[in-house]
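As written, the chains take the letters A, B, C and D, and residue 1 is the first residue of each chain.
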Amino acid sequence: MSLVEIEKLTISFGGKAAVSDLSLSINKGDRFGVVGESGSGKSLTALAVTGLLPENAEVSGAIRFDGAHLPQDEKAMARLRGQRIGMVFQEPMTALNPLLRVGDQIEEALKLTGHEGDTAVAGLLTEVGLEAQHTDRFPHQLSGGQRQRVMIAMALASAPDLMIADEPTSALDVITQRVVLDLIREICDRRQMTLIFISHDMRAVATLCDRIAVLRGGKLIETGPVKEVLSRPADAYTQKLVAATRMAPRQGEPHVAEKTLLEVVHLTRAFPQGGFWRWRQKPLLAVNDVSLRVSAGECLALVGPSGCGKTTLARMIVGLDSATTGQMRFEGTAYRGSDLPPARRADLSLVFQDPFGSFNPRLSITQSLGEPLRLIPDLDPLAREERLMEAIDSVGLDRAMLARFPHEFSGGQRQRLAIARALVTRPSLVVLDEPVSALDVSVRGDVLDLLVKLQNQLGLTYIIISHDLDMVAAMADRVLVMEAGKIVEEGKPDALFAAPQHRLTKALMEARLPDIAA
Amino acid sequence: MRVTKSFALASAGLLLATSFAFAQSTEIRVGAPLEPPMLDPTAGAAEAIDVVVYQNVFEGLTRIDQTGAVQPGLASAWTVSEDGLTYRFTLNDGVTFHDGTAFDAEDVKFTFERILAEDSVNAQKALYEAISAVTVIDPLTVEFTLSRPDGLFLFNIGRGDAVIVAPESAANNATDPIGTGPFAFVQWDRGSRVILEQYGPYWGEKPALTKATYVFIGDTATMTNALLAGDVDGTYNFAAEALPVFDGNPQFKVLVGSTEGETILSTNNAKSPFDKLEVRQAMAHAINRQEIIDGATYGYGVPIGSHFAPHHPYYIDLTNTYPYDLDKARELLTEAGYPDGFSATLKLPPVNYARVSGQIIASEFAKVGIKLELVNMEWAQWLEDVFANKDFDLTIISHVEPFDIGIYANPDYYFGYNNPEVQALNETLNATTDEAKRKELAQEMQTIIAKDAVNGFLFELAQTGVWNAKLEGMWQNAPVEGVVLRNVHWVE
Amino acid sequence: MTLYILRRIFGFLVTLLIAAAVIFFLLDLLPGDPARFILGINATPEAVAALRLQMGLDDPAIVRFGNWLFGMLRGDFGLSQTQKLPVAGLIADRMAVTLPLTIFAMVISVVIGLPLGILAARHRGKIIDTGLMILAQTGVAIPNFWFGMLLTLLFAVTLRWLPPGGFTPWNEDAWASLRGLVLPSLALALPQAAILARVMRTALVDVSSQDFIRTARAKGMTFGEALWRHGVRNALLPVLTILGLQFAFLVAGTIIVENVFYLPGLGKLIYTAIMERDLVLVRSATIILVLVVSFTMLVVDLAYGFVDPRIRERRA
Amino acid sequence: MNWRSLLKHPGLVIGLSATALFALLALLSLVWTPYPIADISIARRFATPGPEHWLGTDQLGRDMLSLIMSGTLTSFTVGAMAVLIGAGIGVPLGLAAAIYDGPVEWVVLRFSDLAFAFPAVVIAILIATLVGPGASNAVIAIGIFNVPVFAQVARGGALAISTLDFVAAARLAGLSKPMIALRHLLPNIASLIIVQGTIQLSLGILAEAGLSYIGLGTQPPATSLGLMLRDAQSLFLIHPWLSLAPGLAIVVIVIALNIAGDGLRDALDPRLRNRGLANVAG
């Protein structure tokens, strides 16, 4: 029997439909996954079920919860949410009130459903794997994973029939992500709860859910049992999504180390900690005595959990930050970071993670792309023009796009432009900081293919920074695993992932979501 | 305990009720536009000091009455020697200061020696510089010796600047004035009011009022509201523009009187082009006196044609010396070599009559091609720039000293008028004591400075008091600065 | 936390010291001789020179600055040049008017402004919101002195409920003193209340779109309940900043309003003292004003720490 | 932003057109007023509004409409100049504090503390005594008051922008700090500054009125709305219209500016514009 029934649901804003004509039925006890990329309307659908849509949304169609229409009265709807539906949101950073202790916030949820008492709070905390001492903490004193556990505890406070989890793990790092997913599964099993799990990650849905709906542009593409849909996707879009979860290993000859391009020698970066007597505080060592070599033409990957120092290391290599001690040598030029001479900067470049933040919205693409050309003295306007054309051609975009402004491009296109900008000075070494993690899954593959193609064509050397082991396995010649500012393990991807030695590498491998069975 | 307390409350209530019932009959609240910076009239020039203390708290040997005539004060009588150089005063007996100390000739000697001392900070020291010696004959007789005859001597010693102070208290008079007057100082709530109370052991006739409160309200609108709401019983000089509020209101009476304030367009005679007589004459012809009086004083000012108060017995009407005539003005300018006029600055002190007259004169002068730039200044700056440094073209100011035509005989005075003829006349005038002769000399001086168009002579400021209709005895005119309360009383 | 407080207090003291220097040396540049002002236009040059000597105007500036600073540290603010009284006492007297006036105005603006702001945010986009915001727009746009004039016309001149201006000392008739402060406080407070209502509404609308409000609603609260329980406290952070600034604004506003209502307050004291070139009084009264304002800013900063646990730690 | 998107913000349209109307009237007074404002004629003073003088005449017989036109120009000019001073000094200071940390930032923050600690009226009184009262004095006083406001807005905005990757990209491209501030930070905080500018403009007009009212602002024969109020206050009970007309003009102008400012903020700040969808994207 269905717990939630959605019938011809249409949600629009100012006449533009964000969800159109969507019908879904979720049975009691189902673990139902809703998959889609950004703009697919998956979150709006969840909000519609809970009556939390923004006020300016125009809704038509019907939603029935446990056989009854959702109440129109705000108060009745609020109480229904409080007693029968639990929700977990994407951003654990902002979803908790920063000014209240988490214990109070959980207790508030209990009070609203009439279950009171300290033991209840303690019980919930234990259930989500937190300790009693955490009740007195403020949200900012907890890690992302802990916060998400608090969110789950609050959602469980009313012993709901239905739990809706909206991208509950996408803001967490790989290891925590897996732990939280397992926790949700375990609780659903124990409590016999119905789950609606909203995600862009096919593999997470495959791991957790038994039924699935694929959404695109507000429309339902395909729905059915997870196994059927994923093993035999009927729709081309679903096929593409499924395909994107498997990364084909890189073709071509294995790299042979010849000439050393970059050498990092005992590099340390210390950040002073706050406090009145600054000099008495022990500095934080973001990068702690790191040495490494990159040879020409190699693709080196740096992996590790967030905060391990991989980004700080990359920033020093490209000259955005300076080392506290130690130094680097790039083709014989010794430097500590920001002191990298302008003449050499042209040979080094960086591709940023976030394609939306990496372009100045007020500058045209020509202006943004042309900016690094200042590093090359005596470039006449004609040669300059030529460089820009060459760069934009190489990333497969139209030359006419040079005159446009960043907001006119999609995320994938912008990342191509970011790559074009990195190439415009014809560098030998390109550092790629999470080059595809901010992109929709369906375009990640294209961008990675482009990177491989360019490396082959131009003989580039890459340093890739990532937490995505699959991508690293597909791209890299060599992998360095970092933790707390140190390199803890090194090796060729196949060997390293097949037989991880270090605790961290093992944990990372274990946290990997299983591949979707073909 | 409970009983006592409620009894105390009840009697306090009774007291309050009674004092309220009597309040209308013997108390007065006077609104004053300016708060005095301190209360010692012998150590500062501010008019606001005299308004509160002159003849109320402090008295001089002589007393000026509201017609400007000299009356006996602390001195009951005096004799003058033939040569006009020796004055012998007989002092009243039984006079005490408010702190209880007795008044005698030593206090008179102390007062004048303090005024004339090297480190004196008296604002009008110059007025008393003719005094060469003050001799105590006996406790009730004192003799003044002058180095030269001074026709205004008896008047000058009746001014606020020469009130008698005691050596015991003189140093503290700024904050805690101790005089011999009918009212004693009680308290000063800074920023809002000064309270005076009748002095029981006063030597003379007791005033009708037992208590007087001066309430300082600088803003005309607020003063209007305070008068209408009955928060003050009257004010001695109310802004003319708001007088219509009280016209025809039977609860109030408006007293229009004269002051000693000759309001003039002071002209820097030492500076080109104002050193040219034709230029000054042209300006005089370009001034529409009536329009200025209407605009700046709402018709209450009295036109003057020279530097002399119209209510004074020596006054002659010279307002037609240079009548309003634009053609004549242009002609004279052409003659002076300025056919297209010229540009000048007009520096204005922060008083309403000056600021408004300035605007009107600028508009009038524009008609004959004289372009005036108005520069508004604060007092301190005006005193330094215009008065001390003589750095100005034109300014507008009211000269409030009584009988001050002598300033035209001082070539170093700020408007820089240097005419030996006037200087000689003034010397003779000062040395003359014969009334008829004095009048003749004064009128000759008036005529010369009018003809020389030394300054633009505009109007004599009027004093426009607004008082509760049931109050009587206020001074209508202001021959000296002060609000004298000795005769003020309530009538039913 | 203590470290944070110490560091903040250090900054406060530095600001005060610089302010003192600015005030002192700026005033030193003023044209116009205080001695000449006191004695008026007929004084002899010798009398002026004598008074200058008596007032200590002939020492070098740096010596006088030092004397002033050390004097203040000992609680001696000097002697007013025109009134011949200790400045500390004069200022204390005026504070008895300005401080209650500012506090009343503050309380009135908070009591009126915040609830209206919350009400408008609660009914965002509805007619009640629009109505309140039109009212607030008007309130923000009304000059306080002009508003004071209108208030006087209505309540003092026409209805005669309240005095039109002036002030009765507290120790004489506290009730009359209170009545005297009603109209000036209202004139000061209403434009500020309008600003507060707008800020409160904006802050609350900002907060209301945050995730934790959605979380609270997901827990079973209505929008209104969530806004009240979780929104208001978070929205108070930006409001607190504005309150601090407003206090400074109110203190400044008293200078104008004290002129309109003829109140013997600090603003009036400074104004008159400058006109009379009473430099000792001006600089001491100004530094007190600056002290009051910076102290408020300090309190606001510290209050942040009490409201927001994140700040409490980040800055410790 | 094109004209069509402008029309989506009725507040902006209403506010801007009302502001523009007053600004035009004010500018018109430069070349033409119904009567010259220096034209004093005591004979025709206190005329009631009528066909000859649409808004009547004042205590010196000057035409009220002409005075209001010219007064509006002064008020606008003073407010605008103060905004220019505030932004001209404050924005570079704020940018400097944002790009150079350490001593520069400390100095700028202390300076802005200091400037905040001086109420504008006190600054105005000091300046008035230093250089004499006048419109320029009001400009400086209000301008000084504006400096820290703009410095803080610029610093806050610049700090937020400087964490974005395109700033890092510019550093990689070898741009100097001032160049980055000029090319990348400034254009992106421009809308913030424009919005703050309209707010400060309306505050400036109010402040000018207050300063003129206590005699420290505009001086005759020039006029401003605040000065008109000052001149008329003692006549309030006899000729209330002389106070009401300029007072209402101030209120309407400030409301217009504030509405325009609110509208501009909504129109220029995409974060606020898209707020309705912000928490449901994805």
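Basically, contacts are C-beta pairs under 8 Å (C-beta built on N, C-alpha and C of every residue); 3 or more make two chains touch, one makes a residue touch a chain.
Source: prediction; values computed, not measured.
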Distance in touch steps, counted as few as possible, from chain B out to chain C: 1
Pair sharing more residue contacts (C-beta pairs) when A-C is set against B-D: A-C
Rounded Å distance, chain A centre to chain B centre (Cα mean): 86
Between chain A and chain C, centroid-to-centroid distance (C-alpha), Å: 49
Distance between chain centroids, defined by C-alpha means - chain A, chain D (Å): 45
Junction residues of chain D, two or more chains touched: 129, 233, 236-237, 279
Residues of chain C whose C-beta touches two or more other chains: 30-32, 149, 157, 210-211, 214, 259, 274
Chains that touch, pairwise: A-C, A-D, B-C, B-D, C-D
Residue numbers on chain B that touch chain D, as the complex places them: 219-221, 224, 228, 239, 241-242, 244-245, 291, 294-295, 350, 355-356, 358-360, 362-363, 366, 374-378, 380-381
Contacting residues of chain A [partner chain C, same complex]: 50, 52, 55, 74-75, 78-79, 81-83, 85-87, 89, 91, 94-100, 108-109, 112-113, 138, 140-141, 151, 154-155, 157-158, 274-276
Chain B contact footprint on chain D (complex, rising order): 38-40, 42-43, 45, 59-60, 128-129, 132-134, 215, 219-221, 233-238
Residue ranges of chain A touching chain D (in the complex, touch as defined): 13, 38-39, 42-44, 47, 53-54, 56, 90, 167, 200, 315, 318-320, 342, 345, 349-350, 352-354, 357-363, 368, 371-375, 421
In the complex, chain D residues that touch chain A: 164-166, 168-175, 183-184, 187-188, 276-277, 279-282
